[in-house]
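There are two complexes below, and they share subunit A, which is joined by subunit B in the first and by subunit C in the second.
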Partner chain A sequence: MPMAITSTTIPMRRAKKRDWSWLAGYALIALPVLIMVALIFYPAVLALIDTLFVPDATTGVTALSLSNYQAFFKDRILVANLLFTFQVTLTAVALLFVIGYPLALYLRFSKSRLASVVQVLTLFPLFVPGVILAFALIQFLGSHGMLDSLLHAFGFTGFRTPYLQPQGVIIALVWESIPFTVLVLTAGLRQVEDAVVESARDVGANSWQIFMRILLPLSLRSAVIVFCLNVIGIFGAFTIPYLLGPAQPMMMGVSMQQTFNNYQDRVGALTQAVITFLFCAVVGLLYVRTVTRGRKERA
Partner chain B sequence: MAVVSHSPSMPVKSSVFKALTKTVRREGLSVVLIVALFTIIIGPMLTVVLWAFADVWRYPSLVPTQWGTSFWAETLARADLAMAFPLSVGLAVTVTLLSAVICLPASYAFARMNFPGRQGLLLSFLATNAFPRFGLYVSIAVVFYRLNLIGTIPGVILIQIVNTLLLMIWIPTSAFQGVDRSLEEAALDVGASRVRVFLQVTLPLVLPSLSAAVLLTFVSTFYEAQGALIVGLPNVTTMAVLMYSIINSQIIVQYGAIISFILWLPSLILLTFAQRFVRGNAISAGFGV
Partner chain C sequence: MSTLELVGLTKHFSGAKQSAETVAVNDINLSVGDGEFLCILGPSGCGKSTTLRMIGGFEEPTSGDVLIDGASVVDMPPNRRPTAMVFQKYTLWPHMRVYDNIAFGLRLRHQDKAQIDKEVRDSLALVGLTGYDRRYPAQLSGGEQQRVALARALVLQPKMLLLDEPFSNLDALLRVRLREELYAIQRRIKITAIFVTHDQEEALSLADRIAVMNAGQLEQLDKPSQIYAYPRTLFVADFIGVMNIFPVQRQGDLLHIGQYALKAPEGLNGESGLSVAVRPEDFTFSATDGAWQGVIDQTIDLGHYRKVLVIVPGLFGDETAALAHRVKVYMPKSVQARAGDRIALTPSRYLVYSDTAVTRTSSATRTSSATPNAQPIEVRNQAVSGEDDR
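Moving on to the complex of A and B:
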């Protein structure tokens, strides 16, 4: 009986609300949407306008020009920075998949009681802020640091520190992104049911075939999200490359900060920012589209 | 051979042995993973903690050559630390409260109300993840430059709020969506007012997710360094920003180690709640998954 009563009352209430509730909805979301537009879209569009409309040196009249971008691509140091950023991003993202997928597969399929310990360890970096991580890795990986001492204790000498080397940046960025990578990949693998895997094994598929033909395709969305957010995150990184990276070449985040703070060149910094936006735009759109599709399918 | 196979104890033994090798093989992988992850992931943080309690530590000793806390008084007496710590806590509290006031009603609207463009607007918050972070900060800093917000506390608050939007809207939205509507309807049917239904039925159900969102926002704001660095300098120096200069001009390792250790404590406390967040998939929702 109560079931019957509620099911008839719901449509009535909804019908009564419909005429005004959309306005209330807009009122409630107005503030965060406004902040987002003012602090994300407006600065991004303004950056584009500021760098594309250049005042003429003699007349002072602004006109559409690519001169800021030409100047960027003529500058050997800046181009080297951009290429370096690409290199670091691609290497780190590839490493994250190589490390992340085995860990995610382990967490998905292991029946070991120790699996929860592995999970806590993989999540641990989520709770170590970037600045502290940088300091910790300098003490750990630096010359005469902890790792050096450990290797020394096992009889290895001649340790060469990755601190202030590209490898140091890559190690730190991978370290930082492991929790997110494993978390999302594991969540994707959880969506594949045990029965599917078992039936494949019954017809004689080996582990590699099961991974390539079943697990990977069925959890592709989580892999795409991991790829996109890691690419964008690492491409836009600052703290780690600033504190652990080489002085030359720099990653784009460091390069922008130097241009903005040390040289007080705001247009130059904006040009670099827009270039990173454009390179990440494809990946960003892929991310938004993947999440959108996932939500539609779930709904 | 025939004798052995007839012995009744052998099959039992071999099955026990098989089970044993099976568990060793299975747990073996776990143990190897744990040792490797412990070294790589806990190792660096352990080094910091050891340094914080070291008076002298010479290479190649694996532990401090001389334990002690003689650097603590000196570190805690630093003037920059005394200024930065209250500032960081104050900023994190302010940003978290503002973000909650701004975002929580919106997340309720996204979950419960019908208005044109609802899905699109909710998805548009993914933009905070779709831009390379530091490029975005530089663009915001240029806008703030024109508004004279560089080096001011309101400027830092604004740039840090941007960071919190996705987390503070998506986690509560999915929590509100997860509430079983029939429970609310049942309460309404027995005569409870809408306010009472919200406070006594809806709120307790979403409270775990809401507190997860608030806690994650507080901690991530407390540690946010990049936005605070580019907008806050030269007047506003938070703890996290202070770490940049300590790392770049490290003369005494213990200073950095002690400050890192103190700075890291809130996160360590959050870590103990981590398992619960993961089970509720709250963290994944923060990434827009």
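Moving on to the complex of A and C:
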């Protein structure tokens, strides 16, 4: 039959050139990878080695041992610090979702002019350094602070300041993380087309059903990203818990600093750092999986 | 029984500035009968989608009313209206399987499981997708997705089906096939349907009646054959099918186009702002007195007939204008025609428009009842016979 078809199937011979373009990608990430290895992985490995190889008290010979970790988990104060850190982190992240989703939904769907004002206000904490925030909150929420005086003026007494309480840390950490939370959630919600929402409304779904059955599942990836990065950020927070938090229990960041500076216990601080790092690494893994799965689905 | 009535339906959108208000839909009045298929046709930005979205409840009218079965629905949100909408694209919920997409609305109505199962399978069968229930939207082609969207709308047994350019993202062949399927389904279940499109072929082949919209106004509401034969305004004449439109000067009972003249119809009022519109198939080719003398510039073979573009210098006075406004003519293939051939054209049927029937910019300047020739006047040229089958 058709000659033309058979003739086009003959492969064209082309001068093969070596393709070096794959190198460009590696060259681009080389510097960040080097910095990461030098500043994060290398010290992390050193810390791990330092905490796992313990010199024998009598002979002085170092050997592989979990004794540093056993010591950590036997110390009631340190375990309380770890649990406290979990508690603060989970409460703050839960609050961030409770505050962040309504704001993100408003910014995604509102057509009013007020939305741009809300957007600016939401992003405002991004431009306030943590130290400034901490002192502002002390001024505002501290005992005999502005809020206390204001309440007094209206006859309310018995205000108990959250300063130096877990609540104070949580308020400040939530305030600090709202911009990021709302930005990422809004971006996720913006990927849901209007017609997707309208067709759900059309078949009879009310606003709550649309949120639970359509918007939440479709913005789940953003929610996981928000969860992971907030957990990692808050779990390892230092400035705010240091300035606003209670003396006991304290968050891991403060605990490490104290162990290192006040007790001069370098290995003890390292052990706490490794435990913090391991927990964050697990959450980080969840983040990486979510992001790479998203890439694959889009490809 | 499901009828639709739009009463003075108007929508203004506020612009960036307070003063900048655009009128998207201006005073639309129409009624749609039970089981009727109405197409709203118009160019993009004419307000047709906005009109449909006001029927579905996705836009709030600035004024006017929407009545379904005689009851106003204008205060109801979309989830409480007895309408179901098929959107242009991205309509399926990507995280749900086909089955769950269709069952979603039924589950919201707390129907029992067996009933839901039966209805989902029935509606999948109706759109020819039996066996597709386990798939995700991403595993379907564009045409299949729109069929699922149709099934999802129909499964709720709405009183009225609203379709917003549902096939415009599909390729031409698939578009035609889905159009035919939709037509068959609509006839079978006898649902009242409102279909928005910018594709006149789609409208002409689907609709019982077509509402032609332009710049927020309803230009004409009629059967497809009437719209083609008697376009009420110059806009409709130009928009539907192919039309030659010539501005004319009136002198007594003659309408002058360049050096040629046509008879002015009886009852034609007004001297200026008149236009004559001639369909390409409404020409005869005998060299009678007063026939337009031209030269064939291009012939295009369109299968069962031939489209011929003719340069008629006498119509415009100069060659360049004639080249820019070539006369479009359909010829039977039995007539010999090649580029360069001389040809004589006589319009056997034409419509005369006065510009009051044409340039309607807002309702304030629309005084159609008071001005002459609100309707075009049809002329069948008596000098030429044999074309009177219309």
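To be clear about the criterion, the second predicted complex is superposed on the first by the 259 of 299 C-alpha atoms of A that agree within 3 Å, B and C clash if a C-alpha of one lies under 4 Å from a C-alpha of the other, contacts with A are read in each partner's own complex, and residues count from 1 in each chain.
By our rule, contacts are C-beta pairs under 8 Å (C-beta built on N, C-alpha and C of every residue); 3 or more make two chains touch, one makes a residue touch a chain.
For clarity, every value in this text was computed on a predicted model and none was experimentally measured.
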| item | value |
| --- | --- |
| Fit-or-clash call for subunit B and subunit C when the two complexes are aligned on subunit A | fit |
| Touched partner set for A:Lys111, first subunit B, second subunit C, both or neither | first |
| Partner chain(s) touched by A:Leu218 [first = subunit B, second = subunit C, both, neither] | second |
| Subunit B versus subunit C as contact partner of A:Gly233, first or second or both or neither | first |
| Subunit B versus subunit C as contact partner of A:Phe53, first or second or both or neither | neither |
| Comparing the two partners subunit B and subunit C, which touches a greater set of residues in subunit A | B |
| First, second, both or neither for A:Glu198, with subunit B first and subunit C second | second |
| Subunit B versus subunit C as contact partner of A:Gly130, first or second or both or neither | first |
| First, second, both or neither for A:Tyr263, with subunit B first and subunit C second | neither |
| Touching partner for A:Gln209 - first (subunit B), second (subunit C), both, neither | second |
| Per-pair minimum CA distance [subunit C against subunit B, superposed on A] in Å | 8 |
| On subunit A, the residue positions that both subunit B and subunit C contact, one per complex | none |
| Residue numbers on subunit A that touch subunit B, as the complex places them | 2, 5-6, 9-10, 13, 18, 21-26, 28-29, 31-33, 35-36, 39-44, 46-47, 50, 103, 106, 110-112, 114-141, 144-150, 152-153, 175, 178, 180, 183-184, 187, 222, 225, 229, 232-233, 235-239, 242-243, 252-253, 256-257, 260-261, 266, 269-270, 272-274, 276-277, 280, 284-285, 287-288, 291-292, 294-295 |
| Residues of subunit B that touch subunit A when the two form their complex | 26-27, 29-31, 33-34, 37-48, 51, 59-62, 102-103, 105-106, 108-110, 113-116, 118-119, 121, 123-143, 145, 158-159, 161-162, 165, 169, 181-182, 185-186, 188-189, 219, 223, 225-226, 229-230, 233, 240, 243-244, 246-248, 250, 253, 256-257, 260, 263-264, 267-268, 270-271, 274-275, 278, 281, 283-284, 287-289 |
| Of subunit C, residues touching subunit A in the complex | 56, 58, 77-80, 83-85, 87-91, 93-95, 104-105, 108-109, 149, 152-153, 156 |
| Of all residues in subunit A, those that touch subunit C in their complex | 193, 195-196, 198-206, 209, 213-214, 217-218 |
